[in-house]
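Heads up, there are several structures right after this.
Shared between the two complexes below is chain A, which pairs with chain B and chain C, respectively.
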Partner chain A sequence: MNAATLIKRLPSRIERYSPALLLAAALLIYIAIALSLGLTRFLTPEAAISILNRSIALGMTAVGQTFAILVGSIDLSVAHLISASAVVSSAIMNGDPAMMVPAVLVVLLMGALVGTLNGLMITRLEVNPLIATLGMALVIQGCLASFHGKFGGSVPDAFQFFAYGVVLGLPFSLMVLTLVVVGAWVVLRFTRFGSNVYSVGGNRDTARAAGIKTDRVVIASHILCSLCASLAGLYLASRLKSGSPWIGTEGAYDLESIAVVVIGGTILSGGKGGIWGTVAGVIIFSLIDSIFNLAGVDAFAKQVMRGIIIVAAVAFYAVRSKRIVA
Partner chain B sequence: MSQQTVSSTEAPGAPRSGRLPKINPVFFVLAALLVAITLSNPNFVEPTGYMNFLKRAAPLAILAAGQIYVIVSGGFDLSVGSLITLTVVGSSMLLNNNADATWWVIPAMYAAGLAVGIVNGLVVSFLRVPSLIATLGMMITLNGAAFMWSSGSPRGYLPETFRFFGRVNIQGIPLIQFIPVALLVLLAFGSCLFWLMHRTNLGRMLHAIGDNPRAAQMSGVPLERVRITAFVVSSLSAVTAGILLGGFAGVSTDVGVGYELQAITACVIGGAQLLGGRGSVPASIAGALTLTAIFTLLNFIGLPKPVRDVVQGVILIVAVVLATYRRNRAGGT
Partner chain C sequence: MSTPSPAIEMRGITKSFPGVKALKGVSFSAYPGEVHALAGENGAGKSTLMKILSGVYRLDGGAVIAGGEERLFTHPLDAIRAGIAVIYQEFSLLPERTVAQNIFLGREPTRFGLVDHAAMNREARRVLSLFGSAHRIEADTVVADLDVASQQLVEIAKAVSLDARVIVMDEPTAALNEAECEVLFGLVDTLKKRGVAIIYITHRMREITRLADRVTVLKDGETAASFDHVPEPDVIVRAMVGRDIGDFYAAPATPQEIGDVVLSVRNAGNERLTNITLDLRAGEIVGFAGLQGAGRVALAQAIFGFSPFTEGEVKLAGKPALFTSPRYAIRAGIGLLPGDRKAEGLVLMQSVTDNGMLTARALSALAGKADATPFASTDQMDGLLQDLDVRAGSFSQEIKALSGGNQQKAIVARWLALAPRLLIFIEPTRGIDVNAKAGIYHLMRDLARKGTAIMMISSDLPEVLGAADRLLVMRAGELVATFERGVSEADVMLAATGEEAVAA
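Right after this comes the complex of A and B.
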C-alpha cells in the first residue's frame, strides 16, 4: 500500500470510527470533570452501571429505530407507542401477577400490529414514512387520550423485577438490553434479512431489481422497530409501577432515538451504519447528561447545549461528505 | 418524466393556454368544509363567524406559507414552533410591560428570526447536516433558550400596542363590517411570498433544487444561497405567526408547541411533495385553512380533542395517499 492510497483511505477510516472517537471524547470530558471536581466516587464501576442504567428505554427504542433508518425509513410513532404499551400493560396486569404473561403478549402483539400498519402504509400506499408514522402517532395519541381515565391499574411487584431486579450483580434490564443489542447485531451482520436491510436502504430500486422482496424487508424492519418500542414501554411501566399516557412523549423518545441513531453514524437516507454506532450514541447521550449533572449545569441551559451538541455531533462526520443533503 | 420537467420549469401557476386550468383539489375540499360548517352553524355566514375563523387560522396560514419554501427546496423546518415560543416569551421579557418599547421589540424579534434562519441554512448547506436533524437541534436549543430567558415561568403581559396585530378588528368597513388586522397581515405576507415563489427566479431555483439538487447545481443555481433564503423565509414567517399568536393567546412557554407539525401537515394537504420539487404558496395557505376548518367543524359537532388528534392523523395520511395517487395517474414520478 503506497502513501497515496493510504491518504485516500484515511477519511473513510475516520468516518468509520467517528462514533468511537466521539464516545472517547465524551468519556474523557466526563473523567476530567469528575477528577477536577474531586468526585472520584463517580468513576467506580457502580457509577458506570448507573449511567448505563439510565438509558435503558432510550437504548431499546434506538435499536429498533436503527432498523427503520437503515432500511431508508424513519419511525416517529415510537414515543406514543411507548406510552400506549405502558398504559395497556399496567391496565391488563392491574396488580395481578397471573396476568403478567398475557399483558406482555398483548403489548408485543400491539407493537407488531402498529409496525405492520406503518410498513403497509409506507410500502403499499407509498406514503412518505415521516408522514405515515406521524399520522400513526397522532392516531395512537388520540386513542390513548380518549380512553384515559378508563385505564387505571398498576404493575404487580413481581413485574418490577424487569426494572429493578439484579442478576449476578448486574441489573436485569441492562442484561435484556444487551441481549436485544446482540440479537440485533447478529441479525444485521449474519442473516440474509440483515444484508437485505442494507441493500434496500442503499437503493430500493436496485434491491428490487436484484430480486429482493423490498416491501417485506421494509415491513419487517418496521415491525422490529415497533416491537423494540413496546419493550421499552414495558420497561418504563415496570420502573414507574404504572403506565401514564405521557411517558413516551415526555421523554421525547421519538426525536431522541433518531438523534442517537444519527449520532451513531447511521445516515438518515439509509443503507449505511450499524447497531454498535447506535450503542455508542446512547452512551454518549447518557454521558452528556452525567457531565451536566456533575458540572451542575442549569436544566434549561442543559437543553440548549443538548441541541447544539446533537447538531455538532452529526456535523462532525457529515461535513466531509460530498453528498447534497436536504 | 420529461413532460413533468418541462412543466415545472415554466413558472408554476402561470396560465396554461389551450386547456382548462388544473385546480388544486384542496380548494374544493376547503369549500366543502366551509359549506359543512355553515350547515352545522348558520352563524358562520355572519361577518363575526367567518372573520373570527380567518383570524384564528391566520398564524397557521402564515407559517404554512413560509414552511412551503423549505419543503419545496427538499427539506423540513422543525424549528418554527419553538421560534414562535421564543418570539412570544422574548417579546414579553423585552417589553417588560412597557408599551412604548413595541417599536423596537418587533424589529428585534425579526432580527432574531433572521439569525435563526441563517444558522439553519448554514448548518444544512455547509456542515451538511440533514435539515431534519439541524432544525430539530435548533428546536431543542430555542425551547431551552425560551425557558432559560424566562426562568421557566414567563411573567408580565403584552401591552396593547403589541397585541394590536393579533387582536384588533378594524371597524366600519362597508359590506363586511369589520376586518381583523391579522387577516390583513396574512394577505400582505401571503401575497409577498406568492410573488417571491411563483413570479421570480428564486421560486424557480427553489423548485429546481428540490427536484434534483445535483442538476440544479450544474446549471448554475447558487445552492447554498437559495437554501439559506428558504430557511430565512420560514423563520421570518414563524416570527410573524408568533407576533399574531402573542396578540390573541397571551404569554406562555407552550404557545408554539405542535405548530411545526401542523404547518407541515397544512403544506401536505395543499399538495406539496415532501423532499422537494412541488408545492405552491396559495395551496399551502388553503391547506392551513382546511386544517383549521376541520378542527372548527369537529368542535361544532362536539367532538373532544383526542378525536381531533385521530382525525388529523387520518387526514394527513389520506392527503398524502391521494396526492401520490394523482401523481401516479398523471404519469409523474
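Right after this comes the complex of A and C.
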C-alpha cells in the first residue's frame, strides 16, 4: 500500500460517508434551532418518532426508487401509481373490513403490472426510462381521471391501523417501513439479484458479457420500485381514510423520491449507492421540514429552499466524484 | 499437439456492421492444451471474431462448434455455459465494486440463497494467488483504487476463475510491464498444462514466439494466413500488413520539404503537463509516442485550447497562441482530429456533407457572416470530399453508414476547408482497415507536402515509426526523448516506460 493509492483512497472514503455527514449537519442545525428557541419538547424521543413518521410514504417510495436508479433507470410514474393505489384500494374496500385483503392484493398486483410494463418498455422497446415512465404516469393519470367519481369508497376503521396503529409503543407504519428498508438492504447486499442490480447499473455491457440477463434485472428492479409505490399508496389511503386521485402528485413523490435517493449518495447513472444512503436522505428531508417549521419559514420560501438544497446536494456529489477521477 | 477434436471450432464466420463487412468467412479452431495466436492489425476483425465466440455479437453466417456440437450463442451466458471465457481488451470491470465482486460477477457464491461474502473473498484470494506474491491484490479492494496493471490482472483472474475449457485473451499485456507479463506467461503455461485451449490475440511478435503453438493471421476480415507452427516474425508481419512495408507508409519528408516553424512551445505546462518545449515545422509529420496517460492527448488538447496551458509561451507562426478555447485555436489555423471518431468527431445522423461543413459553419457563425470562410457552399465541400476520395453512395447519406476510413477522410475534409497551418491527428487509423490505413498515411503526407505541420499521436508504435519524420516520446506529462526516423521500437518503449515500469 503505497502513499499514492492511499491518497487516492481517502476521498472515496469521505464520499462514502457524506450522506451521514449531511445527516449529522441537518441534525445539528435542528438541535441548535430547537435549543436556541428554547423548544426542548422538540428534542424528545416522541418528537424524533413524529419526524420519522412524517416520511413514511416518501420512505417507502424512495426505497423502490433506489432500485430503479441503482439499476441505471429511473421511475417518474411513482406519484401517479401512489394515487391509483390509494383510490383503487379505498374503492374496493368501500368500508368493508372483509375486503381489506383482496384490496391489498389487487393493489400490489396493479403495482407489479405497472412495474413490469415500465421494465418491458425500457428493455424490449428500448424506450428511454424518463419517457417510458412519464408516459406510464400519463396513462395512469388518464385512467384515474376517467374512473374517478364512479368510485367513491372509503377505508374501514380496521385498515387505519396501518397508519395509526401502535405496537409496543412504536407506530405500526414505521415498523413496516423499517421492514421494507431492511428487506431491501438484504436483497441488495446479500442476494445475487442485488449484485446484479449494481452490475447492470454500473455497466450494462460488462454485466451482459459476464452472463447476466440484464433485461430481467431491469424489469425486476422496476417491479420492486412500483410495488413500493403501491405500498405507499395503501399507507396514504389508510392515513387519509379514503383515496384521492391527487394524493401522489400533491406530495410530489416522484421528484422527492428521486431527490432523497440522490442526496443519499446513489448516483443517477446507476451502479453506486445503497439503501442506507436513501434512508439518510429521507431523514434529512424530514429534518429540513422540521427545521423550517421550527424556524417558522413560510410555505413558499420553504419550497424554494428545498429546491436549492436538492440542487446543491447533487452538485456537491458531482464535484466530488469529478475530483476523484482527476 | 494433435488431440483428436478441437475444444472450439468456428467455420466460415461472417459478420457485417452498417457500412463495414467485419468478417468474411473466417474459420478458426483451438485444441485443448494449445495456444493458438490470433494476429492482425487493428481493425482486422480479431475482436469481432472473439465477440462472436463469446456471444456478445450474433453471427450472420457460419457455425460455432463447441464440445462436438453446433451452438448458437445468443447471449454471453450461452458461451460461458459452453466453457468459453474471455479477457476483454477494453476493461469490463465495474470500478465501484470490489475485486472479489468483479471476479464473481453474476455468479456470486451463495449459501441458503444469500451471497456468501466470506466464501467469495476466500475464493477470490485463491484465484489471485495464481499471480504469486510478486503482485498482491486484496480481494476486498474497490477496483477504482487499483492501478491499471492490477486491473488487468483482475480481469484475467475473472476469466481463470470460470474454469473454462477455452480462454480468449485479447491483447492481455497492453497495460502490463515486463515482470507482470512474465507472470501472465507463466499462467498461460499452467493453463495449457491443464488442457485449456487458449486463444491469444496480439500483434506483438515477441509474445507469439514465446507462447504460441499455432498462428492465424487475420486481415480485413479474412484469414490471411494460418500456420501449424510459429513462423519467423517477418512472415507473420507480411501476412498482417499484406504488402511491402515500403509503400504502406508514404515516403518521408526530404530536408527541402521541411519548412519554417509553425508552432513553437516554450516551457509550457498545466495540471497534467510540465515543461513542454517543442517546435513543429511546416511539411513535417511529428509522431508522439508514449504509454496510455503519458500526456500526449493532454498536450494536443492544450495546444488546441481545450484544456489550455497555464504557463509558458506558445507561438503560432510567430504570434502568441495561448488559446483558451478551441474556437480561437481553429480561427488561428489549428485543426484536431479526435481519437474517438464516433463519440468526438462525427455527428453520426447527419450527412457526409454536413459533417464536412461542421467547423466551417460554426466558424462563419462565429464571424457573423455566411461568407466568412471559403467553404460556405456545399458544392465546394462535395468537391473536396471527391478529391479526398471519400467513398459514399451519396454525400447526402448519413455518415454513420460509411467505413471508418471514409469517415476519417470526411473529418480531414472538414479541416482542409479551413486551410489549417497545423493539424493534430489523434489515433488517426483506429478501427480503420489496413488498406484504408495506407490511404490515411499518404493523405497525411500530401497535407504535409502542401505545407501543413502535422502532429500525429498514436498508440500503434509501428505506425508512428513508419509514418512520422520525427518522434517525440512523452512520459508522465513530460517530453522525455526525441528520435529521428529509423529508431527501433525497443528504444522508444524504453524511453516511454522509463527505467522502472510505470503503471497508470
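In this section, the second predicted complex is superposed on the first by the 316 of 326 C-alpha atoms of A that agree within 3 Å, B and C clash if a C-alpha of one lies under 4 Å from a C-alpha of the other, contacts with A are read in each partner's own complex, and residues count from 1 in each chain.
To be clear about the criterion, a residue touches a chain if its C-beta (ideal position, glycine included) is under 8 Å from a C-beta of that chain, and two chains touch if they have at least 3 such contacts.
The model shown is predicted, which means the values in this text are computed figures rather than measured ones.
Participant: Now for A:216: first (chain B), second (chain C), both, or neither, which partner does it touch?
Facilitator: So A:216 meets neither chain B nor chain C here.
Participant: A:145 in the overlay: touching chain B, chain C, both, or neither? Say first, second, both or neither.
Facilitator: In the superposition, A:145 contacts chain B only.
Participant: Is A:54 in contact with chain B, with chain C, with both, or with neither (first, second, both, neither)?
Facilitator: Touch partners of A:54: none, neither chain B nor chain C.
Participant: Per the contact definition in the header, classify A:202: touching chain B only (first), chain C only (second), both, or neither.
Facilitator: second
Participant: State which residues of chain A lie in both footprints, the one left by chain B and the one left by chain C.
Facilitator: 324, 326
Participant: Which of the residues in chain C come into contact with chain A in the complex?
Facilitator: 54, 56, 75-77, 80-81, 86, 88, 92-97, 101, 105-108, 110, 113-115, 117, 142, 144-145, 147, 158, 271
Participant: Once bound in the complex, which stretches of chain B touch chain A?
Facilitator: Listed in rising order, the residues are 73-76, 123-124, 126-134, 136-145, 147-148, 151-152, 210, 213-214, 217, 223, 261, 268, 274-276, 304-314, 316-317, 320-321, 324, 328.
Participant: Across the complex, what residues on chain A touch chain B?
Facilitator: Residue positions touching the partner: 121, 125-128, 130-132, 134-139, 141-146, 148, 255, 258-259, 262, 268-269, 298, 300-308, 310-311, 314-315, 318-319, 321, 323-326.
Participant: Quick one: which bits of chain A touch chain C in the complex? Just the residue numbers, please.
Facilitator: 5, 8-9, 12, 186, 189-192, 194-196, 198-199, 202-203, 205-213, 271-272, 324, 326
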